[in-house]
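Structures incoming, each one as structure tokens.
Both complexes shown next keep subunit A, but they swap its partner, so subunit B is in the first and subunit C is in the second.
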Partner chain A sequence: LAGITAAIMAAALAEERVGQVVLPGDLLLLPAQPEEDGERLRLGPVAAPRGRLLCGPGLRRGRAGLVVTKCGLLRCRGAPGLAYWVDTQQRRYVPVKGDHVIGIVTSKTGDFFKVDVGGSEQASLSFLAFEGATKRNRPNVQVADLIYGQFVVANKDMEPEMVCIDSSGRANGMGVIGQEGLLFKVSLGLIRKLLAPDCEIIQDLGQLYPFELVFGMNGRIWVKAKTVQQTLIVANILEACEHMTAEQRKQAVAKVLEN
Partner chain B sequence: MKETPLSSCERRFLLRAIEERKRLDGRQSYDYRNLRVSFGADYGCCIVELGKTRVLGQVSCELVSPKLNRATEGILFFNLELSPMASPGFEPGRQSELVVKLNRLLERCLRNSKCIDTESLCVVAGEKVWQIRVDLHLLNHDGNIIDAASIAAIVALCHFRRPDVSVQGEEVTLYTPEERDPVPLSIHHMPICVSFAFFQQGTYLLVDPSEREERVMDGVLVIAMNKHREICTIQSSGGIMLLKDQVLRCSKITGVKVAEITELIQKALENDQKVRKEGGKFGFAESIPNQRITAFKMERAPVDTNDMEEQAEEIITKADPPSDVLAKPILWTPGTAQIGEGIENSWGDLEESERENEDSDDAAITDVQNIETEDDTIVLSDSEEEEVVILEPEERQKKERIQTSATQNSRVKQLKRRKKKRAVQ
Partner chain C sequence: QGRPVRRKLRGLDSETKKQLEEEEKKIISDEHWYLDLPELKEKESFIIEERSFMPCEDLLYGRMSFKGFNLEIEKLMIQMNARYKTKEMEEEDTMEADVSEEEMARRYETLVGTIGKKFQKKRDQRILQDEDENSNVTPNKTKKMFLKPQD
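Moving on, here comes the complex of A and B:
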């Protein structure tokens, strides 16, 4: 009985849980599934076809609805097409096709580099996947260099593949990152927050002094400012953003500006 | 899983920062990270946090026969484990070079310095001695494992209490904690390791290196010392040539750090002792900040059990008067018939069937609560009335048989009991 009660305990309508914390094992019920047939029978414009449901990261389809597999905040997107996903604060990266990441070259083998991206497996990167690279003209990439690239193949149980060119063969900002600067790791949630189009953190930091910044979706950030001190300040503020409110962050930036 | 490699740009930046006398976390060269000591619910269990590095220490004891050549000495055993939980680079169950090195250093620091009186661990010479086992688990790795582990080991040993033993002739009696208070180990002094990282062939020196600093360092010097400024162990690794002055300077710094750490440990131990004596809450549950996330939490509605009897009485009095006894099936309206009212029944039977009812009712209630988040009290009162309705026929019967208030009272009590049960659930 206890088991059954526990199972029922965790069930809730997906709509009601949007924006709230969900934990692995929770069951989210989707509304109006059994009534689908009834709706179809009804004629006229009332019977709108139900859109496809997209099941994002942290969720898996179960018998009765969606089963939560990660803990975090439940998010929902209404259009185009209903989509649910869980916004987690995890640090382990799982390669996703199309993601821009920062990798570290670990070895050169034949025509490929092996790149550590923080996933369970190292990604492969072809010699030819750089702008202007040919069989003769090989890119100058050394082991332990930093690479900013994009995933073109990222399947489950398969070695992911990276490139440093876009579909038109342009570098478009990708390639080897310079030898200066500092690399550090933050949670994936923070990276998503920082990469949001209207991110205030970046605007706040921009008031300080000029610096270069690269965000990888795998949780890695590369910073380079004029001096070591300035680089460290930016890195520490970004790292601390994870647990700071907007107000606290503004104060921190103001404090740095004063000095 | 493979360890994340260190990129050349990180290495370059770190070395440059060290040259400029800056550290990633804003510390000065000789600064130690924040140290936190918290204890478990049992004796001999502690967690030591050094910045983000975390070590769990657990001491246990066992009566064993002593080693042949040391018949009157107890046995000390140290075991440090690096699990993949601490860092994905560590492999489980494999004795890597690092683990062996750290374990050896711990043994030298704690056993060879004779900080624990092993002779006091002897129960019967040559037959029974205590074996004290210190298990250390690295929970998170952010550099300087040895310092955190040595602190965790000594704190756990100081905190530990072994069961009391008495020997009468040949007989050895072991007392449970209830019979006799467990006794602490006799500890002569507290050796603590302090690590120094050297860069650029010993030009730069950092105390308490973090994980990334450890990766770019040339060599490390570990000095174990107690608060009386007695060096217990000294080890230099990484193949750097150190000058006499450097070692002396390091030992001076160690003296200062060890004094600070010892004071902190003693304060933590005293605090824990005080709280335990007062009977307050202690252990990890209290000492570690509560960072709990709860999803789908249902607030438990409080059930008012104060005027239960009055309420029950009221419900009974307000209930509909029982219908007449009907021996034959009766057709009230088309489609609704009544049969079986007034059949003989006994309280024993009733109890059993009730219990079943109760169970199914409860399941139904939790069901409703969880899906619809309805108010608990409303549901309860509903079900109560239902039950009364179920009771009705019997009630009437009882009235027929013996109309005393005693039966009513017993029923009220039963109701009360049931309500309490529900409140517990």
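Moving on, here comes the complex of A and C:
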């Protein structure tokens, strides 16, 4: 009985829990869907027309709604394309299909390269997966080069595979990243925060001086500026962003502007 | 040897024989090969599971350049980020045709006839000449002869 009451208490409407901390095992009910089986629903009038619901990372489809599988904050996105997901914090990356990541080439064997992406396995990258690459025209990729590419195969049963080309065959900025610059690692949540559409951090940094940035969803950031000092400043600010408040960050940027 | 089992049961009663047969049938009937689970109802699956953050959060493109450090990347930034937002608009715009569709239809209509004539023998060509679009057969135009001017 105690188990049942605990389970019922953990179940609540998904809408109410948005923005709150959720733990694995919590049940999120969706509107117009009772806890009993679906038969009763069909007898009565249907409350609202069901649109598509996107069940993002950290959630799984359960019998009576969504089941939480990771701890974090519950987020949602509004009406067209309703989506729920859990905003988790972790440093360890798990390859996901479609993600753009920065990888380091570790070996070059025959027809493909082995690329370290920070996951449990190295990803394989075929030499034909570059724009304008043919069997005779091989891409100029050496060991220890940095590659910006996306995953085409990434599940727990197979070795991840990545490519530097999109579905229409164009590179779109993917491929080997230039020679100089600095690569460093941050947590995955920070990357998503920085890549959000209206991110103030990036806007503030963009005022400082010309530089270039590449974000990999595996927690890796590559920075290149004109001098080593400028590169290091940008890298330090980005790393420290995670723990600074907005004001502290603005102070830091202002200090740099003065110098 | 391939003797049926019933021979061995000769000594038993007919009732026990029947029972044994029924039991055998029970064991090896069609239902034997299906799992004894309740029927799972196929619910309308309108929930899509997604493991990536990209469709949830509308993230920007990963490569960025500021103050003209890398102009190609800056062009790409505009292109990729705009593509995300105005994806619907692009789908609605149709290419403006240089030549209207009606004209194309007309051209093709006559083109088929022209090419078709190429492969016909002389006799057929003359016959074809007479037929109009409305498939009315017009009489051959008489050749214009020299007319003597009347006084």
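Throughout what follows, the second predicted complex is superposed on the first by the 230 of 259 C-alpha atoms of A that agree within 3 Å, B and C clash if a C-alpha of one lies under 4 Å from a C-alpha of the other, contacts with A are read in each partner's own complex, and residues count from 1 in each chain.
Heads up, the rule we're going with is that a residue touches a chain if its C-beta (ideal position, glycine included) is under 8 Å from a C-beta of that chain, and two chains touch if they have at least 3 such contacts.
Because the structure is a prediction, the values reported are computed rather than measured.
S.K.: Label the relationship between subunit B and subunit C on subunit A in the superposed model as either fit or clash.
M.R.: The answer is fit.
S.K.: Touching A:S120 in the superposition: subunit B (first), subunit C (second), both, neither?
M.R.: Once the two structures are laid over each other on A, A:S120 reaches subunit B alone.
S.K.: Quick one: classify A:G216 as touching subunit B (first), subunit C (second), both or neither.
M.R.: So A:G216 only meets subunit C here.
S.K.: Quick one: the Cα-centre angle at subunit A between subunit B and subunit C, nearest 10 degrees, please.
M.R.: After fitting both complexes on chain A, the angle is 140 degrees.
S.K.: A:Y148 contacts which: subunit B (first), subunit C (second), both, neither?
M.R.: In the superposition, A:Y148 touches subunit C alone.
S.K.: Closest Cα approach between subunit B and subunit C after superposing, in Å?
M.R.: Comparing every C-alpha of subunit B with every C-alpha of subunit C, the smallest gap is 17 Å.
S.K.: Provide the residue numbers of subunit A that touch subunit C in the complex, in ascending order.
M.R.: So the residues of subunit A in touch with subunit C come to 37-38, 50-57, 59-61, 66, 75, 77, 81, 83, 85, 96-100, 148, 172-173, 192, 195-197, 199, 202, 205-206, 208-217, 224-226.
S.K.: Which subunit B residues qualify as touching subunit A in the complex?
M.R.: Subunit B reaches subunit A through residues 1-2, 4-13, 16-17, 20, 22, 24, 26, 293-296, 298, 359, 363, 366-367, 370-371.
S.K.: Mind listing the subunit A positions that touch subunit B in their complex?
M.R.: Residues in contact with subunit B: 1, 4-5, 8-12, 17, 20-23, 26, 71, 104, 106, 116, 118, 120, 122, 142, 144-146, 177-184, 222, 228-229, 231-232, 235-236.
S.K.: Can you list the residues on subunit C that touch subunit A in the complex?
M.R.: These residues of subunit C touch subunit A: 41, 43-70, 73, 76, 80.
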